[in-house]
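Each of the next two complexes has chain A plus one other chain: chain B in the first, chain C in the second.
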Partner chain A sequence: MRVSRGTRLSLRVVALGYLFVLLAVPIGVILWRTFEPGLSEFIASISTPAARSALNLSLLIVAITVPVNVVFGVATALALVRGRFRGRGLLQAVVDLPFAVSPIVVGVSLIMLWGAGGWFGALDRAGFQVIFGIPGMVLATIFVTLPFVVREVEPVLHEIGQEQEQAASTLGANGWQTFWRITLPAIRWGLTYGVVLTVARALGEFGAVIMVSSGFPGVSQTLTLLVHSRYIDDHNTYGAYAAATLLMGIALVVLLLMTLLDRKRSDR
Partner chain B sequence: MITVTSARKDYGSFTALDDVSLDIPSGSLTALLGPSGSGKSTLLRAIAGLEELDSGTVTIEGRDVTDEPPQRRGIGFVFQHYAAFKHMTVRDNVAFGLTIRKRPKAETAKKVDELLEIVGLDGFQHRYPAQLSGGQRQRMALARALAVDPQVLLLDEPFGALDAKVRTDLRQWLRRLHDEVHVTTVLVTHDQEEALDVADRIAVLNKGRIEQVGDPVTLYERPANDFVMGFLGSVAHLGGQLVRPHDIALERDRATALALDAKVPDSPGVIDAVVERVVPLGFEVRVDLRADSGERFAAQITRRDAAELQLREGETIHARAVGRSSVVDHDPALAI
Partner chain C sequence: MTSDTDQQRRGPHPETDAAPLPPRSGATAPDGIRPRGDDAPHGAGSGGAARRTRHGKGLRGLRRPLGIGIVTLWLSVIVLLPLAALTVAAFDEGLAGFWEAVTAPAALASLWVTVLVSAVVALINAVLGTLVAWVLVRDEFRGKRFVNAVIDLPFALPTIVASIVLLSLYGPNSPIGVELNATRWGLVVALLFVTLPFVVRSVQPVLIEADREVEEAAASLGATTWTTFRRIVLPTLAPAILSGTGLAFARAIGEYGSVVLIGGNIPRETQVASQYIQQQIEIDRPLNAAAVSVALLAIAFVTLLLLRVVSSRSQRREERDA
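Presenting the complex of A and B:
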């Protein structure tokens, strides 16, 4: 298709303008407001006990969620692509459920399930607190991030097919060796992207987590919850900006780290 | 020796293998030849263990491997679409089987270099499969399969994805390689020319059954039935019989034709036919003919015979069968 110079230019302007208004401006405003009073003010704001605890909690949740989702996500994707079993169609649909269900609903259902009066309430009454504790927040985060790895890995598995794996097996590799040496390297880009999305969502999840968190600053607040409580409850606008910047910074570092790691691995 | 006994495989209502039994002698290069859907690939994959049989057994060099997974069958397998490990260099691809077996590094490196030299990929050690042509990728796949010293080498339409020139080059090369390495080789192909060219034994498959097994000459000259005859080369229908086009002689004089035909037993007789077209094919000339019955057939005669006959389109000529390559399904000794 031939497009005239004028059309091409105006298309470009529209696309860039759209991105600018919707993405660059809000991020820019936050960054500007954060660093306006100076770097020391920013550091002070993100090193209060509440902020440090929130950072730790967010990272802890990510550190639990990512491995769980990687293991089960890859296994689920393999089952969906390679498996021939009854209920495969149902599994396909169930995997997308977290995309369809509002996070608040997830929070509510978790309370109904694990809360003191819920089906698994015995655990709570026995002293192992799930709801209003860290396990509940982890469960909520795992639920909402479940589809990312599956949905990123699945199309890659489809694309590479089974021939490479079959070739490996004829060359003497058993199931595990084939998985580690052939399947995993082949899906690593999809997996990387799935992990990045999982991390971003796990850091940023609000609705599901706020329902199952007791919300005490310094105890059970994630960074995202901290941004909210500083802004709404404490009217600490600057503190909210600073925490938000920290949140963005972590996500950016993760993205960079994954890209670098992958480049290094494929160079080898 | 590979022995397949009473192999059966169904995919739903489709029968891929219907009670197939086959012996493949050690050191031979056997082609499994047949149209698509004949079960030839399924049979090869069953030998490799990539396909599980519904019933029947597979033994390789006297060992029953029916329930063994592919990695314990002592095989090398080459896929039509190469199945190259895309994230590995040529060297790592070829070394894969040895790395899995945890062979010493020096031994592996030596073996890989040797093999790459044999397949003509010396100097390509550090390339990735994406940087190779189709023919090079397939040669890499062959080196990879040979690296583990397989008892049998199984090739599934190995040249099917390559263009015509590379295909013929590579199959000549495979033939020479087999003469050097002598590993029992089974090749799946739907191309009769390829089978006749490289194999010393051919098994013709059709609809999940083996129609005939034998050396190329026997199969070509004494096909067990119409299917084998039709699949291994072109055929002409002459007076209700199948005849090879080059086994048809053309005579100007009807009396001469009848006299000569009388000496050939079981011949279809002399057929009067109109010359529709004369096509020079280089060494030979193809004559398209139409019999009085309306049936069309083609005769293939030498340039010299054609010059002597001075055929013109539209004139009538007398055709008779000469050779002995007609179907022998009435001969129970040769039928399978």
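Presenting the complex of A and C:
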């Protein structure tokens, strides 16, 4: 399609203007408001005891979610790609379900299952508190991040096929050896990409986590909950901006990693 | 089951389902995979019984009932059981109870606001997302690569940060004098922010692949730019625009974090379904919360199902034309 210079320029102006108003200006304003009172103010605001414990809790949730998702995600991807069994299509659909479910609905579902009045309410009454405790927040995070590892590893498994694995077993390697030496090195970039997406979402999840958290500052607040409670409960607008800027910094690192890994994956 | 039958049952790969993934991750969809028939070398074919039992562990285990059982159990506990418990809770007082909870004026209003705002957001996305994709593919300017990378920012940014970011510009004490908080336009802006990548990222690859010779042929036959766009470019892009728009809509109706601060949560005005659900849990009305949750899920599923039907139909048409 040949477009006159005028049209092309005006389309460019509209597109860039839209992105500018929607993305650039708001982010610029929040950065300005965060750093306007000085860097020391920002550091003081993100190193209060509540902020430290929020960061720790967020990292703890990531530290539990990532290994669990890696183990079960790779297992699920292997079963979906290499397994031939009935109900596989159904399993495929279940893996995609978390993308279609609203975070709030995830929270409500977990309450209906694990809450005091839920199906597994006996657990709660026996003193093992899932909802309004860390286990509930971990379960919520695993729910929303479940598809990432599976969906990033699956295409790679399809692509590499099975010839090398079969060659390895012909040469006498057992299942674990084959997995560690052949399969895992082959899927490593896909797996890493899946882990990066998982970390980003686990740190940033808000809706599902707020539903199952008791939200006490210093005890059961993640970074995202801290942003919310500082703004809503404490009317500490600056603190909310500072915590949001911290999260934004983490997101930028993630974005950078995503771009680099994406290039690495396509080089393969 | 011996490993030999295992090998024989390994046929060509059936197609993976089209995943409602963000387009970026979906870009690695396994196209052009060679079907792997039974003529593949049989690894353990000549091995003895001892080797076969060793293969029962690890990799092979995942093709066996035990491995599949573990995976199924995992997915059930994490995903299926909670959703089942939710559905049962929604129908705790029968169909009538469910209906009453969903059609309560406040619930109905929140669902209406959600669908209305999401539809507006989807439409704006369809137009401006396509435009942005076009500029990123067909135009050349300095800093294009940077702009291209920035498109993914809303996917990487936590939703609550999106909310705060927009509030700092369009909220109280807005530095530009535009106060959108607690209005429906505030909701629209928040949702436009978080759904920006969907249409752009699904249209971009199609536009890169599009055959420009056809467009030039149309132009040399005297078609105006507008006619070429309407008759040649738009039909090529339509499936991608539609799928991006559908995913954006599905995301928008369930969104919570990005609208919670800017929306204002005014019943019948700016309260969206997810906020209504959260409120019902807080005032201890689990039935209402579960019922509206099920309604929201149903809307999302119908959207994604329609999307899949339309995309498979257009794919079939393409194959027939080819």
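A few comments on the model shown:
The working rule: the second predicted complex is superposed on the first by the 220 of 268 C-alpha atoms of A that agree within 3 Å, B and C clash if a C-alpha of one lies under 4 Å from a C-alpha of the other, contacts with A are read in each partner's own complex, and residues count from 1 in each chain.
We take it that a contact is a pair of C-beta atoms (placed from the backbone, for glycine too) under 8 Å apart; a residue touches a chain by one contact, two chains touch by 3 or more.
No experiment lies behind these values; they were computed from the predicted model shown.
In the superposition on chain A, contact of A:Gly121 is made with neither chain B nor chain C.
Of the two partner chains placed by superposition, only chain C is touched by A:Ala200; chain B is not.
In the superposition on chain A, contact is made by A:Glu163 with both chain B and chain C.
In the superposition on chain A, A:Ala186 makes contact with chain B only, while chain C stays out of contact range. Of the two partner chains placed by superposition, chain B and chain C are both touched by A:Asn174. In the superposed model, A:Ile111 lies in contact with chain C only, and not with chain B. Counting the residues of chain A touched by each of chain B and chain C gives the higher count for C. Once the two complexes are overlaid on the shared chain, A:Gly83 sits against chain C while remaining clear of chain B.
In the overlay built on the shared chain, the residue A:Gly218 is in contact with neither chain B nor chain C. Residue overlap on chain A between its contacts with chain B in one complex and with chain C in the other: 163, 166-170, 172, 174, 177. Looking at the complex, you find that chain A touches chain B at residues 163-164, 166-174, 177, 181-182, 185-186, 266. Residues of chain C that touch chain A in their complex: 9-11, 13-14, 16-17, 19-21, 25-26, 28-30, 33-34, 36, 40-44, 51, 54-63, 65, 67-68, 70-72, 74-75, 78-83, 85-86, 88-89, 128, 131-132, 134-136, 138-139, 141, 147, 149-154, 156-161, 164-170, 175-176, 189, 192-193, 196, 212, 215-216, 219, 225, 228-229, 232-233, 250, 253-257, 260-261, 273-274, 277-278, 281, 286, 289-290, 293, 296-297, 300-301, 304. Residues 1-4, 7-8, 11-12, 14-16, 18-19, 22-27, 29-30, 33, 72, 75-76, 78-85, 87-89, 91-114, 117-119, 139, 142-143, 146-148, 151-152, 154-156, 158-159, 161-163, 165-170, 172, 174-179, 183, 190, 197, 200, 203-207, 210-211, 223-224, 227-228, 231-232, 240-241, 244, 247-248, 251-252, 254-255, 258-259, 265 of chain A are the ones touching chain C in the complex. Partner chain A is touched in their complex by these residues of chain B: 48-50, 69-71, 73, 75-77, 79, 81, 83-87, 96-97, 100-101, 141, 144-145, 147-148.
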